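In structure tokens below, several structures.
Same chain, two partners: subunit A is paired with subunit B first, then with subunit C.
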Partner chain A sequence: MATTTLTKAPRGYDPAAATPFLEQLDRVKGGLPGGGLSWLDGLRDQGGARFAELGLPTVKNESWRYTNLRALDKLAFQPAADAGEAVRFDVLPTVRADGTTGPRLVFVDGRFRAELSSTAGLPTGVELLNLADVLARNPDLVAGHLGRIAAPDDQPLVALNTAFLADGPVLHVPRGVTVDETIELVFVSVGSEAQPTAFHPRGLIVAEADSRAVIVEHHVGLGSCTTLSNGVTEVFVGAGASVHHYKVQREHTESFHLSHTAAKVAGKGIYDNFILTIGAKLSRNEVNSVLDGEEGDTHVSGAYMVRGGQHVDTTTFIDHAKPCCTSREVYKGVIDDQARAVFQGKIIVRPDAQKTDGYQQNRALLLSDTAEIDAKPELEIYADDVKCSHGATVGELDDDQLFYLRARGIDKDTARGLLIGAFLSEALEEIAEESVRDAFQSYVANWQNAR
Partner chain B sequence: MAATTETVEQVRAVTEQKYKYGFTTDIESDVAPKGLNEDTVRFISAKKEEPEWLLEWRLKAFRVWQEMEEPRHWAKLSYPPIDYQDAHYYAAPKMKDRPKSLDEVDPELLKTYEKLGIPLREQEILAGVEGAEGKSPAIAVDAVFDSVSVATTFKAKLEEMGIIFCSISEAVHKCPELVQKYLGSVVPYTDNFYATLNCAVFTDGSFVYIPKGVRCPMELSTYFRINQANTGQFERTLIIADEGSYVSYLEGCTAPQRDENQLHAAVVELVALDDAQIKYSTVQNWYPGNAEGVGGIYNFVTKRGACRGRNSKISWTQVETGSAITWKYPSCILQGDNSVGEFYSVAITNNFQQADTGTKMIHIGKNTRSTIVSKGISAGRAQQTYRGLVKILPKAEGARNHTQCDSLLIGDQCGAHTVPYIENRNRTARVEHEATTAKISEDQLFYCRQRGLSEEDAVSLIVNGFCKEVLKELPMEFAVEAQKLVGISLEGSVG
Partner chain C sequence: MIEIKNLHATVDGKEILKGIDLTINPGEVHAIMGPNGSGKSTLSYVLAGRDGYEITEGSVSFCGKDLLEMEPEERAAAGLFLAFQYPVEIPGVANTTFLKSALNAIRKQRGEPELDAMQFLKLVREKTKALSMTDEMLKRAVNVGFSGGEKKRNETLQMAVLQPKFAILDETDSGLDIDALKIVAEGVNALRSPERSMLVITHYQRLLDYIVPDHVHVLAFGKIQRSGGKELALELEKNGYAEFGVNEAA
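Entry: the complex of A and B
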């Protein structure tokens, strides 16, 4: 039922914007890990060719109507020079309250830092590796998965990432294995004083049937150099498996953070995603979850807090491809100063996906006269025996609630803080893992204290 | 929840009955040659004996239109390319002068109104018989047959109150200053592909002006009929409610059953000044095509109202059952402080019908309020989309919007889609978009359950009551059509 045909330069793209990236690609191409593997060369070429055709999306592109990437055009991003071995870290972010280090991978400007990483505490058979290493030594581990669900076709940024595909986290959990320890993936943006730096981390998570894993991604920045992180993560959830995938993005406000997560959930599998966005000048989190087997379940939720001139975009796509699946989305956001938030959530129910239960809620609080929220919750339904709903509300703090608190002797600022905290807590409740929820709660509190 | 059998039956009764208005009238017509160019525009303008400024305006629009791209990329509609050269842009039944008595009226025209089910009394009036007007009018009618208005009733009575109700061609001569001031002021000639085409080639439509402080004593109505084959209908309606006035306006439309698609691209502009109120109701029943999806009207309509004055109000109510393709977004620009916009819609699509419809509420003034209630029912292989925009601009302090969209699918071959856009740039504004039946009526549900009703009974009671609430927005004259829809339970609805 497509009403548009894809031509060479489709509407809503700026092919000219591809040029600087393609020039860099020519320079680094020869040195990319796994070069010479025909499937991998093919995949990168496909990404490069598609990106050359499309370039960056413009606001005329329906999916990008509220997020303008023109700022990227002006910055001549260069690939990260080296993994910044000189950069030392006193402390790396963690959700572990006891100060110990569990299994974790650390990436600086998209490059793996082995000496900061650890696989301690992982059950036997579980692989937690970096992609560059895998491509060099054991490419068969990822050959059947890379590029399978995050295809470059009509996603220019996925195409860009695929063209530069080099490093990132790889997690493989064999059938029936439960990973008790929370796996932490730490991404640090450092950049360079000399020029804006771009990197394209590529992640892969494969959870075989009946396995279970909890993953937390930390995205932080060091210093104040301009960086662009254009990440893509593919998540394969096997039958009956469950993957809890949490992410917190606290980069500094000179960074651009674009991220695309694509999950495919087999029968009775669970994919649970939560993203807390606090940082970056401009960020976009795109989460696509395909329910590809009966009785699958996906939760895609998040919270965002932005101020100053920040721009945050949350774009989700839940695809009910098979019957009897459930999906749940809860997003809450607080927007202050001149910040702008975008929420686009689409749920599609395919013709055979009877007994679908889909729920989506998006609520936003505007705290200033110059803040802006644009929301587009979208339903596309082709099956008749389904229960789908969405709700969206936008407004300011409730005067009655403020009055109630103030009548009990609480000053205005404290009262506002309490109400904002309570508002965001509702979204954080969606996080099933207690340690993660507590850590995320403290990031929210820090943000509020900085007000 | 799936739709109940009862609901399925009721919808079938509404949508699968033979299209009653599918006959053609065999009448001699004055038809412009096929094709579209500047000469077509000049031809239409000359036929209407229009002043120079209007012709210039049409030509400006036509030149803009030639540069425009047909909007095919965003609406969820699929149809073959339209050949804009393969149609007549003007067709009018041949009439020497306005008929003085029934005998002078073309009997075919009389038969048409009879068949359309307009009561005899109204029928005489419709055929333009002078002197038949008079007894306790409930409704004044402007009848547009292909490209011309054939008659307008109760003009004299309305004129006594200062109300101008006539065809737009007549208004151009009668009150050019009003037409020139307001025509294109809500939908400019550069607005969009179909509206711009309409500006260039519009043929007829209704014009209404309600003077200061006047409450129009009867419903005003326009009945649009496409008869001639291979013609497009491009009507233009302009309604102006001056300070403190009130008018309720109804629009009805039907067309013969033909295998080829016919184009209908109308523009409706409403202007409400301080404290004025306009209520605009439509029962859109253009020929929808047959069960195999052959034929039917392509309905590309731009309807927009401007609440220019303080405390003004514009309310759109639509029942959409016809057309092969519907592309229609009746909107409100809420400029005046405290102004109110409303959109109530029930849309039913069946077989191969496609509808992409909704509304835009643009909040500009302080304390502006808008309500959107949309109920969509999709059956057969139909595709239906609600597409709406609620936009709150920075100065719209205290603006409020509440949106409710429900859709129901009957069968597994059809689709129902919801695409609401919410853009808020004022923190004191509150925007709510709701889509769950249980959610909106939690208090009512609790109330019913407390009184011993089961949850299902309670939901059914509330939803039915709610649907009636929407349909009762329709004036009495549309009650017949509306009643067929009442009782359709939406308990299996999806957001």
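Entry: the complex of A and C
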């Protein structure tokens, strides 16, 4: 006879892991911006309560099978202290040409740094603000959107972020407005020598109908203190609007980088997401894109390069909820030493979503015998008039190609570099904006040179 | 230029080259003819330094240096060039990037200044024109989507840009129609000089009508069975390799 053990927590979660975070929450709760607004208190409470029930996911959780968060338990993260103006920067990362400036928001350990930020050059009506200010002064701007697509229900880390929801970038582009300047969002992890530091940046992008914006997120680290960034960004793409959302994560290898991006795309809208991952000890990027109107289009692509003991997890979910939408996903990664990569790409085509055109490809290049990739593509198709293809490959550098290059005088390391660059370039080609593509390509080249 | 002495090589424990002796002087063009499986391609790969071949006996001296001790890229810098029978496709690497990297890598190893983008472009334009190649072929990824003829022209272009001292042409005629063969042969002939030697490896005599050798060798069963002048090629064309105990119909 089989016996069944009933526990309160669902399988695959560790509620005990929530305790230290909840204790912190009790301490900081009173000081969170916008406290007293009933909708906001409700949202945070919902996040806190759900996180208390679930705690951190464990490897018994199907979605977390290959990424183990137990390291977080042991580190006893504390909320970020206000770094204030103590931290100085000589150069902040940018994709702009030398000497040029443009709209930019800077966050240090999750907190807005006004003196490093600028909104000059934005068209009239475009709002580029930080969430803490918005919650304190004009909460109605975000009340209808916050927490509407990134729901805490089954996402313990979204729940955790929601409980601590305080600051992050807010972009609102009105109907019909095109923002020509690339908007840069810079997140610097600094942390503290005293203890591991956690922060939970919360972003919101609202692009109303027929508007257009290009956003680049830079995630970098300063120093070498242990940090945990647990970010959530919600993106609303209006009918006919297009949002190009690029991200590069180059944190140092003592950092933990968890990120959840949830987009909802209205009819004929375009949501274009690309993530380049180079840094962090452990990172996981979740990207969910829901095609919620006819003829919508989403691109969920990226590239990663990891070495040493790094772990990178890419978990994507594309939801074809309406007919005649297209999605395209191209992920390529290079894994060296004992590093490990995870790719989980799920595509759902709902019964109503006829004439769906979906394409998914993920390819990994293993540079050492101890490098590892776990790839799990999942297609669930409930409509019958659908074009959906996917492919996953894992390979090594091609000996014939290496020999051909060497036979022409190119030394082994340079030849390997050329082939790795060529492998990744196919993914980087997915970046439509030339200045962003060039900048990302230079990060790739720097990674290779750092060998 | 190059002196091969009693060269034995095995692949996966199987002996393919069973004692090759061959000396090529500056300015000479030698042809090696032989049936399939005689060891022709093994010889070219062993000389270029490809992994997977074990040299069990013998020596190869190239311009006074021990060739077998050198890495493939060092051999290229020393002036050895292998025109591949099957040029390798490299998606994602533009043909110009490849050519420029190769040329500058070789110049660097030789202690010569690297060419800048303008100098390189001028040089490569000149060479592509002579081979009836288009700028478009330079922009494409290395050999990707090239026809058989275009691939061989691309090999010849690399040879023209890198200016080797000693070039091995491995089955350059395979996969070429007569027009493509003529263009490639013209490109190769333009590179003949009193300082440059060549080793033309081929199954058929046809190529040797266009690239006329000074010496012809017959390779079969891993050894050079017979050597002679260019008339030997014509004789082989007529009589086949039966004389050497090879039954090609089998």
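The rule we apply is simple: the second predicted complex is superposed on the first by the 441 of 451 C-alpha atoms of A that agree within 3 Å, B and C clash if a C-alpha of one lies under 4 Å from a C-alpha of the other, contacts with A are read in each partner's own complex, and residues count from 1 in each chain.
Just so we're on the same page, a contact is a pair of C-beta atoms (placed from the backbone, for glycine too) under 8 Å apart; a residue touches a chain by one contact, two chains touch by 3 or more.
Note that the structure is predicted; figures quoted are calculated from it, not measured.
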Who does A:Phe403 touch here: subunit B (first), subunit C (second), both, or neither?
-> second
Have a look at where A:Pro351 lands relative to subunit B and subunit C in the superposition and call it first, second, both or neither.
-> first
Subunit B versus subunit C as contact partner of A:Lys74, first or second or both or neither | neither
Subunit B versus subunit C, judged by how many residues of subunit A each one touches = B
In the superposed arrangement, which partner chain does A:Gly391 touch: subunit B (first), subunit C (second), both, or neither?
-> first
Which superposed partner A:Leu366 touches (first subunit B, second subunit C, both, neither) = first
Mind working out whether A:Arg88 is in touch with subunit B, subunit C, both or neither, as first, second, both or neither?
-> neither
On subunit A, the residue positions that both subunit B and subunit C contact, one per complex | none
Per the touch rule above, subunit A residues touching subunit C in the complex are 398-401, 403-412, 414-415, 418-419, 421-423, 425-426
Enumerate the contact residues on subunit A facing subunit B in the complex.
-> 1-4, 11, 62, 351-352, 354, 364, 366-396
Under the touch definition given earlier, write down the residues of subunit C that touch subunit A in their complex.
-> 48-51, 71-73, 75-77, 82, 84, 87-88, 90-93, 97-98, 101-103, 105-106, 109, 141, 158, 162
Residues on subunit B engaged by subunit A in the complex (per definition of touch) = 1-3, 72-78, 383, 394, 407, 409-436, 439, 492, 494-495
